[in-house]
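The same subunit A turns up in both complexes below, where it pairs with subunit B and then with subunit C.
== the complex of A and B ==
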């Protein structure tokens, strides 16, 4: 089988497309830490509801969606072989509307001003729907889907459903529609967002990157049915919610599937062909461990009643899982892209990956991240007020650390372009 | 004809790309790079095409990729395949 295939370099997005999303995500993470700190110090007096939805959406949209959309603009051509035309222009529209939309939504949650709900539904909805339709439109054209490209398509479709439900919820909260199905839509919204968008995307990407980045044995053949099964279960759950059937069995099955996936991935990482100490592997291991913990508690919750503290630990573990994988990907993607773009432009003195972000810096971030998760776990279990201040400070430190190194990478990139010579070869 | 062998099957990404680009930059007219990899190295092939090298990418029956790259248009790379 001979192939002359491949993508041309003009079709690959410029590094700025990815970096602006990653830097924005880190800034949102930093702001989240400051918001938590202000709340822990008693400086904010918002209701518990406003506090919870603000944190959830800071994380889900400001941090996670920014990271994941930025990564998708870069990874779709490489992993799925699809080309997004005019990536700079399209990503800029998404980026600007997303930033404005997230702030409007957070102000809406904290002030309950009706008009802010309407504006956030329009602006945030436009940003996210624009991003998903641009990507889905290209992914649908793929004729021979891999598990990864199929998973990305299903994940983006789940995100689209979550966004549409989110718009419904915002318009209901703003008093623009009656919202008779508010409870069902709310549950479907977070099921599709968490299981369908975040978890399914990580599962899909891992099928490619775990084997490629860490030279592990291949995932078992049955794994290729995993993404489709998860998507089918989510659709079943949606139907069950709207015809008022119990969804406990579906939740249990979903949780068990994610546990199996986590165990398989940990096993792949354990069987690496050339085991070296690398912070990104530790982020992956931690992420998979936390996914297993979160889903085990979720599974227990479907067969018996569990207390609120345990539920909160499950949410924290899920957040820890998603952030761990995002951080692992950042420390792989950013140094590689910096080196790759400069090297390809002919800069012989392009910094090597270790010079862009040294692995020791990633390791320090890993320890900060673990300390942050431990501090929040202690707060949930024992509720001492001082711990919440420490945990909030660790959130600030975690995202501040990442932000500093992302900015450093951008500076290194610009410096190389300005001060070193190009070589034709 | 001098063969530069790069067995990248147990190398972590992006080590194979970094090493192969180093070889390509200094490649002489009588040399060719023979890379063995578990995956088709799409970013490398993009660069190879852009720099107007000649290459073939062949996947054998064990799903291993054999990538042969040269500057020399007279080389018949298919004859140099070792599968």
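== the complex of A and C ==
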């Protein structure tokens, strides 16, 4: 039957739910930049392993999970038609535990203190599992799934698996369990987190928002099988890992599917009806281009041996892809929600979207983001002197720029509520 | 699926008109933009009228509820009407920044509204309204003028 719950944007959660996650994500991004800067300038020196896992988890949890969980709290009612009851309370629990958990985990990686691994496994695990179960519980009730809602469900399920494997890895590193399957679990953890959680969620959301924001033709019918196929391949990979079968064929297939998706999305954007070519369109184009580059290198890596530099470029392109899409979403969602919530509350002077964050400011961020990616590419390929310092500074600038505009949006929202006239309906 | 098909075609036609008006504003051709915006506004308002005066009452009578999805759709129609007024003012004042800013809100609002109608409400109308009533409702909608 027709589910009225969540049908309207009217039933979307308060704006604070989304904003606190987005602001936290930007702060984590800023801290990541400072961490990179400290390393580049020799102020901090850690083992390569600690450095790599710190950067990975700063990005994956501090930045990406914060952005994506915040966006999900907002978008589930609109895109999938489900309502999360008491969103403010539930999101607060996730938010606080996530922040504490990420810091504990980063300290654990850099100090190897056993107890920190245990605490981070408990706190981070609780935060993320709470978030995924709250959302999965509602999504599972949807009767007529669209490609988007099904993809979100599969993506959150993949995230749950990645979290459980993550807890196993943390407990092994802390010496609490033997961790006989450490290598397989680690591989599965990365696969489910990157392909299953991050990429699958972006794919699912794009099926709705690319069409919604840019008025493009619909994705071809075969796209509706894409999310299920990706999830099935990940499950097959999991089985293959644990019965010690080679997984290169699966990795190749996954990479090819993401390349096809990237090409289709670029084509949709090319055929969009709206003539505007604002920064968000460019972020999407860049994101899809980087996904295609990253997956092409991954595919090549499955059929021949590639050097370490090329592998690093593939990782960088994947990070660039995920961040580009997150930035694109931010610059649409934040101005729209600010205007929407204030208008709905009856504020006649509600700022228009361009008054919240002007497209020119988003365009500047696009250039900073491109410069940051180019600087890191140069670092990987040629490592000229001082380039890592410049690249780290650009990370700081990129997230600092976003943070400034998010805070500006919050201030604008509060100012309108306090100082302008409200019409009672 | 005659309801879905007819209404979806109208949505797409409105999208086309909206995009051409937006392009004229970007090009700075406000005279043309005003004409195209008027076409978009008229077609959108006529589409809402068809729903509110013909399709929604038929659906509400069959389901016995006016508090269901149609109430939310009507609420969103009001939001769109408010934006149409503001956009008309912006195009008249040749204020491209204000127009494009409002156009952003309008598009997101309209697209998510259209998606819900196409994916859920129209599909339900096609399923629940008997064939002969569906045909007469469609004829009644076609006859509605602004």
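In this text, the second predicted complex is superposed on the first by the 412 of 425 C-alpha atoms of A that agree within 3 Å, B and C clash if a C-alpha of one lies under 4 Å from a C-alpha of the other, contacts with A are read in each partner's own complex, and residues count from 1 in each chain.
One rule holds in what follows: a contact is a pair of C-beta atoms (placed from the backbone, for glycine too) under 8 Å apart; a residue touches a chain by one contact, two chains touch by 3 or more.
Quick caveat: nothing in here was measured; it's all calculated off a predicted structure.
Student: Pick one for A:276: touches subunit B only (first), subunit C only (second), both, or neither.
Tutor: After superposing on A, A:276 lies in contact with both subunit B and subunit C.
Student: Answer with first, second, both or neither: which of subunit B and subunit C does A:340 touch in the superposed model?
Tutor: both
Student: Determine, under the contact definition given at the top, whether A:405 touches first (subunit B), second (subunit C), both, or neither.
Tutor: It touches nothing on subunit B or subunit C.
Student: Contacts for A:354 in the overlay, against subunit B (first) and subunit C (second): which applies, first, second, both or neither?
Tutor: It touches subunit C, and subunit B stays clear.
Student: Just checking: does A:146 make contact with subunit B only, subunit C only, both, or neither of them? Give me first, second, both or neither.
Tutor: second
Student: On subunit A, what residues does subunit B touch that subunit C touches as well?
Tutor: Dual-contact residues (subunit A): 2-4, 7-9, 78, 81, 211-213, 215, 273-274, 276, 332, 336, 339-340, 343-344, 352-353.
Student: Hey, which residues of subunit B end up touching subunit A in the complex?
Tutor: Residue list for subunit B touching subunit A: 9-14, 17-18, 21, 24-25, 38-40, 42-43, 45-47, 49-51, 56-59, 78.
Student: Write out the stretch or stretches of subunit A touching subunit B in their complex.
Tutor: 1-9, 12, 78, 81, 211-215, 273-274, 276, 332, 336, 339-340, 343-344, 348, 352-353, 425
Student: Can you check the complex and tell me which residues of subunit C touch subunit A?
Tutor: Subunit C residues touching subunit A: 15-16, 18-19, 22-23, 26, 68-69, 72, 75-76, 79, 82, 97-98, 100-102, 104-105, 107-109, 111-112, 115-116, 119-121, 124.
Student: Which of the residues in subunit A come into contact with subunit C in the complex?
Tutor: It comes out as residues 2-4, 7-10, 78, 81, 144, 146, 208, 211-213, 215, 273-276, 332, 335-336, 339-340, 343-344, 352-355.
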